[in-house]
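Shared between the two complexes below is chain A, which has chain B as its partner in the first and chain C in the second.
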Partner chain A sequence: MQPTLSFEQAPPISVPFRFLLTAPLFGVAAGLLLLWLGPEALASRWAPGALALTHLITTGFMLQAMCGALLQLVPVAAGGNVWRPRLVAGLVHPALIVAALSLVAAFLSMRPPLFVSAAVLFAAALGFYLSVVGIAVLRTSAQGATVLALRIALLGLAATAVLGATLAVGFGLRLELPLIELANIHTVWGLGGWSMVLLTGISYLLVPMFQLTPAYPLRMAFAVPTALFAASALASLQLAGNLRWLGEVGAFLALAAAVGYAITSLWLQRRRRRKLTDSTFHLFRSAMIAILLTFASCVAFEFVPALGEHPRAPVWLGILVLFGVFTLAINGAVYKIVPFLNWLHLQRRGVTAGAAPNMKQMIAESAIRRQARLQLAAVGLLLAAVLVPELTRPAGALLAASFALLEANLIAGVKVYLRVSRAIQAA
Partner chain B sequence: MTGVKAAAAGFGNNPPSLLRTKAAMTSITEPLREQHKHCDDLFAAAEEAAQSAHWVECKAQFAEFRSELEAHFSGEETVLFPAFEQASGMSGGPTQVMRMEHTQMRGLVEQMAGAVDTHDAAEFCGAGETLLMLMQQHNMKEENILYPMCDQTLAVASGDVEERLKAVIEKK
Partner chain C sequence: MSGPRIIDGRNLLPPEPLELTIDALESLSDGEYLTLLLYCQPHPLYEILRRDGYLWEENLQADGTREIRIRKATAGR
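And then the complex of A and B:
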């Protein structure tokens, strides 16, 4: 059966936008947390502040942006019919906000009921979301690497959520569980099997579109999500016995697959036919370089045990991956997605192509450039803070300022949309 | 309403090599795929010239881009789409969506033409950015879905569609 052209299920603009506009607020909260806690937030991977910071970014910024983007992309790019998107967004969006805040509060206060409530809320919200979006992605007749990546990513999110909820309940109720092994597997699924797979699948669509690059090579496009899935599954086998080394092998394989994707992306960018560059281009390229830096750091930690065994070594890797890779890539993508959806929905409301403000009139390019530079500086300072703890608070301040500016820029875009929409209604 | 909703849908399908349906067969539409790439190149050259304020060059590149794009639309609207509609019996579906997107793109091309005349780089690049996004998702939908459907449908009873299409898009 062939896919049809009638992608009728494109959701109302409020569906993706409520998620995309909430995401930066979690980034602001992450910056403020660093400002409040100072160096102790980056003391070790297991420090309560570090865990709270990690989950503000992963279950706050990243999850909001990714869930919102998927509700737009699944019907439009994969032809998947999402059941009642407005209702799904209306329930899942607030539930995920409360769940993320509850989890962060749990890490900071170590109060068991908060862990349990976070687990229950995440299980309910993501269980519902995954059922609806999962059915859409499984039932689509479209084929290809992006569809494969979307399917694997949703499976990865399910695994991450199940492991996360188990950890939260286990931790909250002090159950006898192999918490460290579970946490390691949860991390591999969350960063590899879910986030990186989704990033690759979306890149296959957007990178050629934004920069007029050649398409990603077909074999590589299928191999990377598959390898990330296999690596996450392999890492999970460590639960079968005293096999913690399998976790390390799995994490290394996942990183190797990500390196293959990053090198290909950089190579494609070099072969782009559009010479004009913009902030989205620079942020994406920085994200790809961050993947390579993560790999180089892992190799260095392996060969120089004095470095690798330092409690701040995993913190360095975490900052590179969470802030260097994912926040930068998402930050760049929303600057294209939000103005373009604004423009398309204005067309839908009857504004003629010539009369609607163009994409660059939705969010000023100078404002985008300023925020992108601030974000890159914040990531740099955050990395420096791992080496020089006194820099933690300045890094937090910069991060909060950058995410606040991102929010302000997105709101400016939405305001243009609302102003023009009202003008049409009045006419 | 298929057309309106699909147009509002936004991001198109996977790039050609990543989501190609199985209906390769005889490809009447191959010259159209090639022309997509050619238009992209001309667009990129005009955009680069506008960004560097080389307006004489921009004007020439843009004129060529506009003429090539118009020939492409014309080939689809006057030859390919009617032939497909007649052969398949589908007149209100995918081709309608594509026609509507052509109208939207023409509106943006008009805006860019005005910016060339007034040497307004911000306006040219702003409308250009919007056009590029629209054009790319439009091309992906055509290359992944509509063209394979056309190749499949018209392979049996194509008549002189191929020749007529070539004549229009090559501006003969």
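And then the complex of A and C:
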């Protein structure tokens, strides 16, 4: 009999849920910001509104969802014991909320103290989080592509955070720093070395499990996170001198690795063992198509300079990646993660299999479908708003409504957990 | 006693394989084996097995299937 991995320190359900329930609220805020600012929010990559919007999604929606999911995933999927998860969540979760809000307020007001406070809070919260989760992921005896991806992703988060804090302090204190180069490297690490790597690692686990596809090919599964890390590291070398082209090469290599992952994912979806197509399936497929669209757009921008040099070209790419790839993929994943955690924790509390509601009863598929359609429509309208600025406010309204509906659906799922838990206690 | 008890969870959506396994464990006799076939390592199930006093062994097959054989810990080898 083989020795088992220990789960004695698996976190209570409140640990991942507090992050996962906070994430959509940042999405609502992003929609409201678009509604408030209108077309100026999408005028250029460097517009204060665009930077505020970007960081509401990256350090708000994405970071909350990813940090929360990792706290549960590391013990359950990778067999790593996270040290005192309730304490970690209790400190990191509020600190990240305040840090993200501080950063967004800094971009909108351009007040130096807000940049500095955001940098300090992010450094402290993520430094603590990375130490604890990093030790758990390093010490686990589990092996495989997901564990490799988790380790690389945490390195990527560390690099993103260090660069982001440096930029914020540099901006706040008006330091003489190569801000554009630093911002480009920060972006490559944030989107490639951290977010895309984590997305691949989680896909290796969740896609075969919940979409009943064959497993990701082993070589590809190891190669993609490694290539994303190498590409991000290569892009960082531009700081060594007048080597901005290295940043472009690194970004292109990262995108090529992501394309490999997207094509493989779409191929696996076509080969799934049972032809089940739910909203998570559609959201994930749309996210993979968004990766391919990003690549096609980059190629078009490269070969048609009139398009590539337009100030809204990077905004188009940003919306495709942030909203098209990451919000859709995360949106789909949380609809599997929350019901599964409900079921798992009810099991832990001693509910017999027949007595616990099944996963489809945790959040109604009809409600999920409605929200998924709204989110897809919001992403489509946001892309259209890059071309037709008058559509920015309607896109913002749709985005806010969609994220509010996501929040309502997740709360409905949590209510099921609470209802059954109370019934256990009463019995 | 009926033939070997096997749950093929490879084409089932989570948590169905775990639910079927937990149901089947309730009627598992001393010395009897329950075999579960999956494409992934069911870490949550291992926790439940350990908590409830079961032993198991896991074999990874060439096609990626994990064969997990479970029995009660109280039974002799």
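Quick note on the criterion: the second predicted complex is superposed on the first by the 422 of 427 C-alpha atoms of A that agree within 3 Å, B and C clash if a C-alpha of one lies under 4 Å from a C-alpha of the other, contacts with A are read in each partner's own complex, and residues count from 1 in each chain.
Everything below uses one rule, namely that a contact is a pair of C-beta atoms (placed from the backbone, for glycine too) under 8 Å apart; a residue touches a chain by one contact, two chains touch by 3 or more.
These numbers come from a predicted model, not from an experiment.
Because the two structures share chain A, they can be overlaid on it, and in that overlay chain B clashes with chain C. By the touch criterion stated above, A:240 is placed in contact with neither chain B nor chain C. In the superposition on chain A, A:387 makes contact with neither chain B nor chain C.
Contact with neither chain B nor chain C is seen for A:426 once the two complexes are overlaid on the shared chain. Looking at the shared chain after the overlay, A:216 reaches chain B, while chain C stays out of its contact range.
When both complexes are overlaid on chain A, the residue A:306 reaches neither chain B nor chain C. In the superposition on chain A, A:340 makes contact with both chain B and chain C. In the superposed three-chain model, the partner touching more residues of chain A is B, compared with the other of chain B and chain C.
Annotation: chain B segment clashing with chain C after superposition, chosen from 45-53, 117-125, 135-143 or 153-161, is 135-143. In the superposition on chain A, the residues of chain A contacted by chain B and by chain C overlap at 2, 4-5, 7, 10, 75-77, 79, 142, 205, 208-210, 212, 215, 273-274, 276, 340, 343-344, 347-348, 352-354, 358-359.
On chain A, the positions that touch chain B within their shared complex are 2-10, 72-73, 75-77, 79, 142-147, 204-206, 208-210, 212, 215-216, 218, 221, 273-276, 336, 340-341, 343-345, 347-348, 352-354, 358-361.
For chain C in complex with chain A, the residues that touch the partner chain are 10-11, 13-15, 18-20, 22-23, 39-41, 43-44, 46-50, 55-58, 64.
On chain B, the positions that touch chain A within their shared complex are 1-2, 4-21, 23, 40-41, 44, 47-48, 51, 93-94, 97-98, 103-108, 110-111, 122-123, 125-127, 129-130, 132-133, 136-137, 140-141, 144-146, 148-149.
Only residues 1-2, 4-5, 7, 10, 75-77, 79, 142, 205, 208-210, 212, 215, 273-274, 276, 340, 343-344, 347-348, 352-354, 358-359 of chain A touch chain C when the two sit together in their complex.
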